[in-house]
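Next come two complexes built around subunit A: one with subunit B, the other with subunit C.
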Partner chain A sequence: MIEKASMNEIMKESPSKEETSFSSFVVDVRNLAKRYGDFAAVNDLTLQVKKGEIFGFLGHNGAGKTTTINMLTTLLEPSSGSGKVAGYDIINESLEVRRRIGYLPENVQFYDSMTAYENLEYFAKLSGIKKPDSQIWEVLDFLDARSYADKKISALSKGMRQRIGIAQAIIHEPEILFLDEPTTGLDPFGVKQLRDIILRLNSQKGITIFMNTHLLQEVTKTCSTIGVLNHGSLIYLDSLSNTMKRFKDEGSLEDIYLNIENNEEE
Partner chain B sequence: MNNRLIIAKKEFQDIFRSKIFSTILVLLLTLTATSILVSTFIFKSQVSQYESSLALLQSIGKMPTEAAPQLFPLNLLRGVVDYIEIIGAIIGILLGYLSIAKEKKTKTLKLLLSRPITKMDITIGKIMGHFLFVSIMILSVAAIILASFLAIGGITLTTVEYYKLAIFVMLSILYIMVFFTLSFFLSVQQKSLSNALTICFVIWLVFVLVLPQIGDTMDPDNQVPGGFFKSMGFDKPQEEAVMAKFSNYETTRDHIEQLSVTKHYERTGFALFGIKKTYNDMMLLEILKEKWFDIVFLFTLFIIGIFSDVYILYKDKQFISS
Partner chain C sequence: MLSFSIAKNEIRHLLRERTFFLILSVFILITLASTYIGWSSQHTIESVYQESAILLTAAGQNVPPSPFSNLPTLDIVKNMIIYIVLIGSLLAITVGHSIGTKDQKAGVVRILFSKPVTKKDVLIGKVTSLMLVLFAIMIVSLGISIASIAMLSEIHSAMFLQLIGFYGISFLYILGFGLLGLAFGLMKRESATALLIPVIIWIVITFALPEMGSALYPTSSLNPILPQTNILDSPVLSTIHNILYPFSISEHYKLLSSAILALQGTESVVSVTYSPIMNMFILTIWLILTLAVSIYAMSKFDISRGDVYE
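And then the complex of A and B:
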């Protein structure tokens, strides 16, 4: 078991912070908080995510992950603190932020009276693409989803819908893609396919990924950096490789995850 | 294309693909045609009754005291006003509710708001799309009216009657959109969608059915079928002399009726179509002058509705987190 003193030393420590110039951060938030009366959904969150990273935001249900994403995607206004996404202020420059982000909420269902193509066309036009036809086919090809184009959303399986969800999120070529619990409801094959898509988006299109999840396995197989949120507070932040080195005595990453949270609660 | 137009186009397509609204639209058009046919048969029976009475009087060497029934085609549209009052309000409520309920249930609002568009774009776009649908629906009703007139005996309208029909079309669109904006507001404002729908239908019940009915029930002239004053043989000055003694009562009754948006719509519709016979002899401008308050009332409610919808979507936090 790791001593609490040493845990505290490594908690909230971002090794890349000093090595990286300010402009290379796609997400840069300082003391961000969201309160509902006396309850703090997110508390004093300071976090940087570098360009090109796949950032896994871990935490149990109710930890404040979705609230954080809602603030970063400008859907919710923070109670205090400040933040920049893609170089723009999330409070004062929300429209500029939205031009540069892609977002896939958890369990989104789309407009089921429309086909997949029509859904993509609608969101592409709202993203400022005047004639989106070529982009739609390009994105569908990238996601190997061309055959879904003329199908009504209501006729698609969860896995197929999730691909269309990612297609709408990347059609305008965002700098960063926010995924909120993207594997929810997918079968193991669907999870594997989604994981491959995320890795390809990052490596081939250079999109930074910010992924909320409560599944540690997803983080270890996909992410380059992990942050752990517990009761609205960031209790751990480091690269995956450093985490593996620091916790080399642990039996598995699941032990590490539980260890981090247990130490924080003590 | 402008964001609001993109949203409006999508909303419009969405409604046209909905089986519920196709069914309601067909129902409204069928009722319109049926009510005109029924009114026409009633008018024809009045004419034949008059002609047989006339023949009887002439056979005994007497002249009739009443003039022959005169056909004012727009008089046949009372049923249309009634149907739009009731069904149009329901359509407005359902459109407003569904435009928000679907976004809430599917979480697509989050997708919309992650785009570089404002909540104002979303609200105005939705209102524009539904306004277009309601306009086409009411224009279809107007087309059925004209087609029915032609079908039942080649009735053609005068230019003034076309103007009256055009004004009625505009008022009907406003009337339905008032209920749309109300339902939209409540669907955003209420945490529970079923609560929003329940409140909407309570409002519909009170303002479309109960209040106008109270006003009608309190109307002294409605106490006897065919009209109290007519059955008593009172002329207009005599009727006014009697009513002058009940001015407080009549003012109260009028205020109760005026609480209902439906009554404002009905009063203008009945005046334009000459359902109240006194308006048949009036010029269009005179009718509009007399009914300006009812028209402005409808228009004002619609404008208030738009501002309220924009405001509530800006203010609401629950909508995002739901």
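And then the complex of A and C:
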């Protein structure tokens, strides 16, 4: 069992923070908060994510993960605090932020009456690509989804739709990709395929990944850094390797996760 | 450019909707029916007159002039005015509703606004698509009216201009309803409520306000003969009329359309009426107001909306 004193020491500590220059942060938020009346969905969140990382954002249902992603993707205006994504202010330079991010919402959906290609063409044009044909085929090939192009979205399975969802998010080659619970509803094979895609996007295309997830197992297999959000507050932030070293007595990441949350609640 | 892509996508979506084609087909049919019914009524009464004239001549009596001899040719399309008020505006609400709710029904609001588009881009795209679709419907209707008049009667160049003017005014009138459908589609989180509210407004404008504002005569809807006593002499009714009449949008549209088509016997039963310029001014205000409601609805639109739309 971890002592609370030692827990407090490691909480919200990023070991490489001092070594990293300001410009290498793709996500840099300070005291970010979102309140609905008296309820604080996100409370005083300070967080940095470096370029090239795969950041796993953990937390139980209602912890504030989706609210955080909504603020980082400029879909939701913070109640207070400030933040930059890809070097641009999320409040005052929202369009510049949007040009540089990709976003895959939980349970991604598209226009059912249109084919996958037509959906991608539409969203690519909205991303500023005037003639997106070559990019569409390139990204479909990258995701091994060329055969889905002419199919109506309504005819695609959840896993297939997820790939088209990723395709729309990366077609304009964003600096950072936000994934909100990307494995929700996928079978184990679909989860593995998605994990491979995330790793390839990071290693081959150099895209920083910010991923909300419930699946702790996925964090160990894909993420380089983890943050834990509890009741709107960030209670833990460290690299995965450091986390595994510090909690080496724990049987699994799930034990670590539960320990972190339990200690915080005490 | 972004608004153009959005407008193009909205139109593509509408054209793939069966409901839209069903309503459009009904509208085309009523355009045809309107002209045919107008022509048929005239033709029947004219035939009766001719037979009566023969009988009267044979009996050595004087033959009165035909009641239809002075009617303008475009009188046969006068039914279109009421069809636009009753069906055209409902069609426009449906189109506006479909455009306003499309992104929410598809569940793509978050993806859409994660792209570098503004609410202004989206609204311009949606309003443009609404205008183009309604304009196309009016053009089709105009074409059908011209073709059917040419077949059933004779048509002159001046009539073209009158018909173009009439369908132009009709376009502006139904566009206001389309904008209401769009605005409430954006504003409300339930599809049924989003459709119900503009329909209620349509009922008020089409039926309630004309009844209260310009048809205060108890039997006016049943009795075609104008009442001998002007009940607007009553201070209470006169006040109600003066307050409500400017808001009676459908009345202004009907009067303006009748003036453009130079129809006879369409004078209002009310004692105080406005000039066609004033009718046009009120229709313009109507359009500006509905556009303002659309702008307000988009400004309040929650772009982080991710819940299931019903």
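Methods note: the second predicted complex is superposed on the first by the 266 of 266 C-alpha atoms of A that agree within 3 Å, B and C clash if a C-alpha of one lies under 4 Å from a C-alpha of the other, contacts with A are read in each partner's own complex, and residues count from 1 in each chain.
In the analysis below, a residue touches a chain if its C-beta (ideal position, glycine included) is under 8 Å from a C-beta of that chain, and two chains touch if they have at least 3 such contacts.
In this text, all values refer to a predicted model and were calculated from it rather than measured experimentally.
K.L.:
Record, for the superposition on subunit A, whether partners subunit B and subunit C clash or fit.
P.N.:
With subunit A aligned, subunit B runs into subunit C, so clash.
K.L.:
Please indicate which partner A:Tyr111 is in contact with in the superposed arrangement: first for subunit B, second for subunit C, both, or neither.
P.N.:
Both partners, subunit B and subunit C.
K.L.:
Looking at the overlay, what does A:Ala155 touch: subunit B (first), subunit C (second), both, or neither?
P.N.:
In the superposition, A:Ala155 touches no partner, neither subunit B nor subunit C.
K.L.:
Identify the overlap between the subunit B-contacting and the subunit C-contacting residues of subunit A.
P.N.:
In subunit A, residues 70, 73-76, 95-96, 98-99, 101-103, 105-114, 122-123, 125-128, 130, 168 are touched by subunit B and also by subunit C.
K.L.:
Write out the stretch or stretches of subunit A touching subunit C in their complex.
P.N.:
66, 70, 73-76, 95-96, 98-99, 101-103, 105-114, 118, 122-123, 125-128, 130, 165, 168
K.L.:
Any idea which subunit A residues touch subunit B in the complex?
P.N.:
Subunit A residues touching subunit B: 67, 70, 73-76, 95-96, 98-99, 101-103, 105-114, 122-123, 125-128, 130, 168.
K.L.:
Touching residues of subunit C toward subunit A in the complex: what are they?
P.N.:
Subunit C reaches subunit A through residues 1-2, 5-6, 9, 12-13, 16-17, 102, 106-108, 110-118, 303-304, 306.
K.L.:
State the interface residues of subunit B toward subunit A in the complex, per the touch definition above.
P.N.:
For this pair, the touching residues of subunit B are 1, 3, 6-7, 10, 13-14, 17-18, 102, 105-108, 110-118, 317, 320-321.
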